[in-house]
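So, here come the structures, one by one.
Each of the two complexes below includes chain A, the first together with chain B, the second together with chain C.
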Partner chain A sequence: MNNAVDTSLFAPSGPGGGNEAILEVRDLCVGFPSDDGILHAVDNVSFDLRANETMGIVGESGSGKSVTSMAILGLLPKYAKITGSVKFRGEEILGVRDKDLTAIRGAKIAMVFQDALTSLNPVFRVGDQIAEAVSVHRKCDRKELRERSLELLELVGIPNPVARLEQFPHEYSGGMRQRAMIAMAIANEPDILIADEPTTALDVTIQAQVLDVLERIRDRTSSSIMLITHDLGVVAGVADRVLVMYAGRQVEMATVDDLFYRGLHPYAQGLLASLPRLDRRGDSGQLSRIHGQPPSLVFLPPGCAFNPRCPHAQPGVCDQNVPLLREVERDHFSSCIRAEELVAKGSES
Partner chain B sequence: MLTYIVRRILSSVPVLAVVSFVTFWGLRIAYDPLLKFRSARNAATILPIQRKRLGLDQPIVVQWTKWFGKAVRGDLGVSDRTNNAVWGELMHHMGTTMHLVIWGTVVSAIIAISIGIYSAVKQYSVGDYAFTGLSYIGIAMPPFWFALMAIVALVTWPKVHWNLDQPIFYSIGLHGTGRSGVFNLDYYRHLALPVLTLAVQSIASWSRYMRASMLDVLGADYIRAARAKGVPKRRVVLSHALRNALVPLVTVMALDTAFLVGGLIITEKIYSIPGTGSYFLDSLSAGDAPALLGYTLLTAVIVIAANLVADVLYGVLDPRIRLA
Partner chain C sequence: MSNADLELAVGAEPVARTQWQLFRRRFFKHRLAVVSLVILILITAACAFASRVAPYDISQLDLSLLGTVTGPSWKHWMGTTDSGVDQFSQILHAGQISLQIGFAVAVLSTLFGVAVGALSGFYGGALDKTISAFTDGFLVVPQLAILAVLLQYFGHSPRVIILVLAGLGWTYVARVSRGQVLSFKEKEFVEAARASGAGGPRIIVRHILPNMVGPIMVNLTLSVAGAVITESTLTFLGYGTQPPDTSWGLMLSQNEGAINDTAKLHLLLFPGLMLLIVVMCVNFLGDGLRDAFDPQATHSR
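Here is the complex of A and B:
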């Protein structure tokens, strides 16, 4: 638990480097009290979000992706035990009063949620909900608000925006709802857009359109995007850098190319190997998989949380101390204690 | 919307027919309309004449059909007890009851919703536990007992203890002798106790509904999304959550209010208020069949109307169930 990561590790470097970090997350821990003990949803997570980059956060369900993003915005319930530090443009935003956070939420850091149907208030018109996102942060008259809402709906590619403004969320299709959510999130041109599984509930065609909207908006407003997903395809398509999480811990952080072509952590390698590929067919025609089940977040295995499932696990090595995320190659971090060993082994064969 | 309302009104006619027929039948079994003639000296000659005059020689379905046919045109017959038209008497008494119902509902709704919001937002706080405990007590207290205790504590005791000429609150009627109107203190001094009696019960149960409904809504994704937009917490609760939380409460409130219109029997009796409840009780002890029939029909109409109002309000609050 008390294995603080050396902050100097995150000095901007490598491809896309030179950009300053606008969000610095350090040693973020989130625990939820449960009947069996503390549930460690996020365990010692540290990363930087640089200006104008898209960072993917990947992991399976329960790996702490969403909790991380909600901790950043202070949206977790009161009983959550949160420690660590989150700095936005050098200013601490973790643990500050809710009142002070409202000025940042939606204006500086905005969020797009996974399920757009349940994330839109069913009893208010979509136009009013978008207008509200603007009006809570700056005073403007009705006409101005309406024009801005209209502009936003157009920006995210909703056809016939004038009529759509007056409609309720249940009159929207799934893809349109997600676009409306995005419109709301970008209403104040935030510096950071956190997209929590924005495409999970959508079919592939709509998914591509929504991702396209996100990319267009990032380029237009030069904001940074934190894209939370379990879909490696989405990450490969839009992210610059990727953070892989497992059981609430960081296991690998690298540029997309590094991760996909030179993955260092056995878990990340396992994830990539499990993707269906058109160009390579396995002997049995079956997809490869990671054996076993994700661990309980209350009773984590000793040492590396992945060691019971890891094909490269060494008894007496991997099950001793919780491994730290460290820079194994330039701008390529892994928490695997045997990373160098495995790289050497990989290049031999 | 209009088509829907018309359709609902038309479809309520069979319901009213069944309700009134069952009442009609039951009253015919329970009461003998010829009772007052039976003990007459010339009973033997009078009875057949009266039986024919009242139509009692015909099958019960025919009797009921005649009554119902008149009833839907607003003619509920003449009271056996007072010899006045039942319709007029019912309307008069309902006017009195409405004072209690309107005040009781408005006061209860405002307080219950406020308590419900507070308890949900401050879940498991001392205040929440206190309101939970109080509401159990409120639900458990029978109105007749509470009414008597209220009279002792708020009328008799202060008068005796402080040697007052007049009690602070009155426990009889809606107005003092020779007083009328609603824009004077006398009216409110009369109104306080009966309204308190029925509000305690309504507040106790409605605040529980409101708390549960609000808790449900506060956990919804759109509440989190509203907070993520930067909407201040107060506004999230009072604008985003409140309207959604009111939807389930509306049905409960509408139905409870409907029962109040016809069902304030005990409260009205204790505070000697001449409303529909008192009218029902007097008619019942006198065996006044036309009055009882009229009362039952009116109560049924009000319950059906309240249901309709609840459904229409649903649509106003929640666009997803807007009716065609």
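Here is the complex of A and C:
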């Protein structure tokens, strides 16, 4: 697991590049002790989050998306074994004391959680909860807090914000709750907003509204967004760059266009192929799928974690060493050993 | 997305109410709790000002009645005792000590128990192990025996009784609130609070404890009832309040022989009835408070 990625790979380049990285994640590993051995939830993940960009992190359940974001904020339980480095504006924030982290959490890096109903405190009015999020980091009097809460509710597009301030979370609809969560997260104008599946619990129209709010806020506060999702449609809609994860490892990192039109990794290709499309139909009329099951994170297959399910796997090649993420094309990273071969093959046919 | 589409129809806007207004509304819907509260206030006030409210001075004996127990009459509502004292007056005076012990024990043991339980549940580790072992230890020892021994050792004044009862009572509250904190600690809104930069003490006080107000209130009222009953039990057994102080338990204890004598039955009936009324009212009040503190209990219309 100590096959470090060459960090020079991440020099800003390509579309969306030129911006400085405000968050640098290097060789992040997270392991949880289990009865059968160490569970490698995140394995050697390295990426940069650039200023004012939206980066999508995609993967199926258990691929390490959420654990990565929790590790960045130091929110994982104590028994988690975390190694690597996370630098926020050049300063190491991994493994620092909780006390120092509280100054960053919420103020510099904020998080929007997946389930807005359980993430809001049921016994407080929404207005008071937003005010609380502000007052954790700033001393304000009641009037200022109220005005700020009102402004935030307006910003995230909640109708009747004055009346809504006084209501409890259970009186909000699902979409409004999620917007209230976003209002709390942006209360201190953070530089980075980590949104952990912010639209999963919402129906499609509300999803669009929430994503719209996120984009508007990014443009207004020139913050960066880390959007964690398993919904490729969401990623295609709002992300600038995408990181695809599989079994705790990075398999592909590219701009949205590169990923969707010229995906380099068989897993990412498989994911895209499995999306239902109106304009194309398989011969059988069935959706294509990736065969098999994701591997156990305790007993990963040797070599590439995807090789048992990969249609392009070559015995003796893919099951030998853990492949590293490398720049195959400009600003387009893949961990597939055969990436170049597959590109060549693809352009032939 | 245009906000105009989302605007509510005129008149459909929810009316903003203050937290206190909502609390009052929900509480007053609970008729039984309101009635109980009124009864409790009346009893407490009557006992507190017993020296002025009581129709007779209990230190002045009606010598014409000495030695003759009389049943309830217009002159003596609850009859008179062996020593010719008006029982209604005596009950008011005795209530002072019974209620004082009940409320003081409940407040002390709840405050201390919640604080210890919350710290133990939230921080876990060695602190939690120690506290849990200690509170669980109290489960397996005969409480009444310990109380009796402690009171025998430290004396029988109301203050000592309060401290001894609270000293044992907090373990139960601590165990309950530890469990509550343990479950709230895992809730996402606590994680969200942590992610927004709140530290441990802030999370406990501002995010977790407000969620526990309902259960804590119920516990508080239950421990008022519990303390009143425990005091009576101990006194009945001869370990609690001792003369010249008097309490409902002591009155029961002094008249235990009356169970075989219909002429004296009122000497057991009225102190017992007072205990019953207070304990029941306190429990109903607890129900009402729990519902009133839960913002989801009844939806505002």
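Assume the second predicted complex is superposed on the first by the 349 of 349 C-alpha atoms of A that agree within 3 Å, B and C clash if a C-alpha of one lies under 4 Å from a C-alpha of the other, contacts with A are read in each partner's own complex, and residues count from 1 in each chain.
Rule of thumb we're sticking to: contacts are C-beta pairs under 8 Å (C-beta built on N, C-alpha and C of every residue); 3 or more make two chains touch, one makes a residue touch a chain.
Values in this document were obtained by computation on a predicted structure and should not be read as measured data.
Q: Just from the overlay, do chain B and chain C fit on chain A, or is there a clash?
A: Aligned on chain A, chain C clashes with chain B.
Q: So in the superposed three-chain picture, is A:181 touching just chain B, just chain C, both, or none of them (first/second/both/neither)?
A: In the superposition, A:181 touches chain B and chain C alike.
Q: Counting only touches as set out at the top, which of chain B and chain C does A:157 meet: first, second, both, neither?
A: A:157: touches chain C, not chain B.
Q: Please indicate which partner A:61 is in contact with in the superposed arrangement: first for chain B, second for chain C, both, or neither.
A: neither
Q: What's your read, chain B or chain C touching more residues of chain A?
A: Between chain B and chain C, C touches the greater number of residues in chain A.
Q: For A:286, select first, second, both or neither according to whether it touches chain B, chain C, the two together, or no partner.
A: Neither partner.
Q: With both complexes superposed on chain A, which partner does A:122 reach: first (chain B), second (chain C), both or neither?
A: Both partners.
Q: Go through the superposed model and pick first if A:137 touches only chain B, second if only chain C, both, or neither.
A: A:137 contacts both chain B and chain C.
Q: Which positions of chain A sit in both the chain B and the chain C interface?
A: The answer is residues 73, 75, 98-99, 102-107, 110-111, 113, 115, 118-124, 132-133, 136-137, 168, 170, 181, 184-185 of chain A.
Q: If we count contacts the way the header does, which residues on chain A are in touch with chain B in the complex?
A: 70, 73, 75, 98-99, 102-107, 110-111, 113, 115, 118-124, 132-133, 136-137, 168, 170, 181, 184-185
Q: In the complex, go through chain A and note every residue touching chain C.
A: These residues of chain A touch chain C: 73, 75, 98-99, 102-107, 110-111, 113, 115, 118-125, 132-133, 136-137, 157, 159-160, 162-168, 170-171, 181, 184-185, 187, 208-209, 212.
Q: Which positions of chain B touch chain A when the two form their complex?
A: Listed in rising order, the residues of chain B that touch chain A are 220-222, 224-233, 235, 240, 243-244, 317-320.
Q: State the interface residues of chain C toward chain A in the complex, per the touch definition above.
A: Within the complex, chain C touches chain A at residues 1, 3, 6-8, 13-17, 19, 187-189, 191-199, 202, 206-207, 210-211, 213, 293-296, 299.
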